[in-house]
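Pasting the structures here.
The two complexes that follow have subunit A in common; it is paired with subunit B in the first and with subunit C in the second.
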Partner chain A sequence: MQLRKNIATSESGFIFNPATGDSFSANPLASEIITLLKQGLSVSEIKKNIQEKYDVENGQLEKDWDDFLLQLRDANLLDN
Partner chain B sequence: MSKLRYERPVIQKMNAGLMNKFGTRTEYEPVKQIDGVSVASIIKEYGSPVFVMSERTIRKTYKEAVRAFKTRYPKVQFAWSYKTNYINAVCNIFHQEGSWAEVVSGFEYNKALGNGVPGNKIIFNGPEKTNEELLLAIKNDSLIHIDHFDELYQLIEICEHLDKKPRVAIRVNMDTGVYPMWDRFGFNYENGSAWNALTKIVASGKLQLTGLHCHIGTYMLSSDAYAVAVNKLSDLAFKCKSQLNASIQYLDLGGGFPSANTLRGAYLPASDTNPSIDDFAEAITNAILNAGFKTDELPLLILETGRALVDEAGYLLGSVLANKRLSDGRRATIMDFGVNILFTSFWYEHKISPAQDFTHHTEDMVLYGPLCMNIDMVRESVNLPLLNRGDQVVVHRVGAYNMTQWMQFIQMRPNVVMIDESGNTHLIRKAEDLKYIEQLEEMPKHLSSISL
Partner chain C sequence: MTKIKNKIVVAVTGLNAIDSPGPGVAVIRALRDEFKENIRIIGLSYETLEPGIYLHEVVDKTYQIPYPSAGAEALISRIRYIHEKENISVIIPNFDAELYNFIKLQPTLRTIGIQTFLPTQEQFDARDKINLYNFGKKYELLVPKDKIIYHVGDLHGCSEELNFPLVVKGKFYDAIIAHTLEQAQKAFYKLSAKWGYPIIVQEFITGTEINIAVLGDGKGNATSVIPMRKLYITDKGKAWAGITLEDEKLINLAKSFVSATNWKGGCELEIMMTAEGKLFIMEINPRFPAWIYLSAAAGQNQPASLVKLALGETIEPFTQYEVGKIFIRYSWDHITDVSEFQKISAFGEL
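What follows is the complex of A and B.
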């Protein structure tokens, strides 16, 4: 899972895709995941990070992760 | 160290140039209590979903409506429209406040009697009245509103064998300038049917013509239409007096006032567009006062307002069953209530609030009910906070028609709870169970056992 290379993000959760001209707003966790993806962390590392930091069950996180993946695909922000 | 509160990750596309110039904002303020009783505690005690009626709101709304009319006109009587919500506890709040009963079937008629409404304070409307029901209404001196000529002749025939003259009115339909024109109920004004019926009533010598009734539509967005209706009924009343020597004692303007629910497809919220009860009162009372009645002959004004008096007082509390994403990327949220119990979601874009705290992040979603049927959609598109399984929501303004038109389909109908004016909760209709549903079924003997 890899973000498109030239995706621009800001700390406040603003995402810009120069390839399509689309912009998005992300909530704090989405913004954090995108930052970690850009830093090159693997999916399992990111999930581990989230579970250490946030009060969330594993099953819930798995479900939400899959849904987030669909959102990123739908938004054309993933490389493949 | 305690962990941070989790909110699932979400991104939302930003659409520049599609700003809402009216500035209406998403409803993401949580509604955690109703009349001081917490939503979570109601669900804990009575289950989810559950309907909640606020006694305080019913009484307040009723008093405001009465004030709107009585400060403008001396003789006003409300009659509670049973079909809008005929749970007895709800009816009796209206009766305690002084409302008569307006019923449209023998079933509703007997409900009103059972609630203790005197027969002479029951208005019997509707197109179906059996001989037995009419006889009971005659015996009780109820106000019988005749819907069609067949009923008129049926009534005259019944009275051939009685020494009592029932008090009757006719329902009149007319062109009040609104579309669609409701002409399936009653006798038409413009084509002379109404006048024809009135002359037949008087000529029969068997019936006491006492009033004129109309019900020009439902969810009326124009108060002027009621003024037109008053003028046409008044014209008939004057003709009854001058040509038939019959004095019309009351004009019943029926119901039809809207609540603050927004109709599906409406551009603006109903709270910004619908006339208020004062607007209707002003139009109706001005029209009667200016119609030409002598001061001592002003007719009693009867109103059969239902929806506008009870919608606001009803809430539906429910919970999220599941979340999913549809093939086109839209979020779908499945609730534990659907069109089976929230019948009015076919007409309204119900306001729905979460019942717990959320951040300001929201998403557009389709809200589905729990039925395994494609039609079960509560909101086609609604912007709500990020709901998770188990989260609770409050649906607003569900007091009218849902607790009468609900269906026992796939799921059973839930508890209905009333919060009294002191903040105590009372179960006013129990949730159905399998035994209740099956109690009317009979099993033929040859089908009583199976072997698979």
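What follows is the complex of A and C.
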């Protein structure tokens, strides 16, 4: 899973896709995940990172992750 | 870059900064950004209420010129008069309808010392919406299928070939989306009454509307390419806000267009990007768009570059621009006095 090239993010969770002109607002956790994706971390590394930081069951994490992935895909922010 | 020592005088049309604005005021703003105090702007107007006429910090002096329908002779006669007073260096026409006359007059203008930087008549005709489909086929550019018709009875055949919905377009302006044959017939009558014949019936393409401002040097090079996505569209289909984009496919499309046609001057490509990422050219406007100041704001000042090219300077194609630059158009009630209105109405000068 890879974010599209040149997706711009800010600390406040603002996401800008320079290829389409679309912009989005991300909540703090989504913003954190996107930053980690931009740093090149793998999906398993990010999930591990989340589990270390937050109290979340495996099943819930997977469900939320799939939902988040769907949103990123819908927003055209992922490389195919 | 050559330093311009003397004040250059640039005459600009399209001062109608209204709800469906002409590009003139934006062009002037870009020129003033670049040339600062070394430029004098002459406005060329058609109507007495074009806002640019009254914006004295934008236009130094305005002269009315005859409508394009009066012909090239009437235009050159008026321009000679203005030139005697103002010593014009360059003219930038900004309306589709006036370009025919200005293109025709280019050699005469050059002999009296006025430069232009315009497409050839062949380039101008080829991208006309009546010829657009063949233009796309010739240069292998994606253009929606269309049919050129003169009779309402031809709509049935169009609908069988292009399917509903389809777009019924006027010869010069206006487009109506028709979902049924009845709607298409109504659109046909409305547009033919307003703009005459033929009527263009075009395949309906859905997607994201993107416009590209382009400056071609006439030798196949795109001096500048700025893609912009409309963020807010008025009921007349005009961009009220837009943002510069970064997309190599858009840049390459514009470069292909310029190299295939050797386009000379400014133009605007109206693009529809489908969900599959296909880029359809919907229209090619043969002059700068009204949002052209965004090109200057993003780092590629197309109007200033056009003036330099017209004056014989060599300009290397721009390679960088700022992505994510936004323009938001706004309205402003400019206050003037009836004496100003009287001067332009009575004397054709202000």
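Throughout what follows, the second predicted complex is superposed on the first by the 80 of 80 C-alpha atoms of A that agree within 3 Å, B and C clash if a C-alpha of one lies under 4 Å from a C-alpha of the other, contacts with A are read in each partner's own complex, and residues count from 1 in each chain.
One rule holds for everything that comes next: a residue touches a chain if its C-beta (ideal position, glycine included) is under 8 Å from a C-beta of that chain, and two chains touch if they have at least 3 such contacts.
None of these values were measured; they are calculated from a predicted model.
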Combined model on subunit A where subunit B meets subunit C, clash or fit: fit
Subunit B, subunit C and vertex subunit A (Cα centres) - angle in steps of 10°: 90
First, second, both or neither for A:25, with subunit B first and subunit C second: first
Subunit B versus subunit C as contact partner of A:8, first or second or both or neither: second
Which superposed partner A:60 touches (first subunit B, second subunit C, both, neither): first
Touched subunit A residues, subunit B compared with subunit C: B
Contacts of A:71 with subunit B and subunit C, given as first, second, both or neither: first
Three-chain overlay, closest Cα atoms of subunit B and subunit C, distance in Å: 7
Subunit C-contacting residues of subunit A that also contact subunit B: none
Partner subunit C, residues of subunit A touching it in the complex: 6, 8, 16, 18-21
Touching residues on subunit C, where the partner in the complex is subunit A: 208, 229, 231, 242-243, 245-247, 323-324
Touching residues on subunit B, where the partner in the complex is subunit A: 2-14, 16, 323, 325, 329, 359, 361, 386, 388
List of subunit A residues in touch with subunit B within their complex: 15, 22-30, 33, 52-56, 60, 63-65, 67-68, 70-72, 74-75, 77
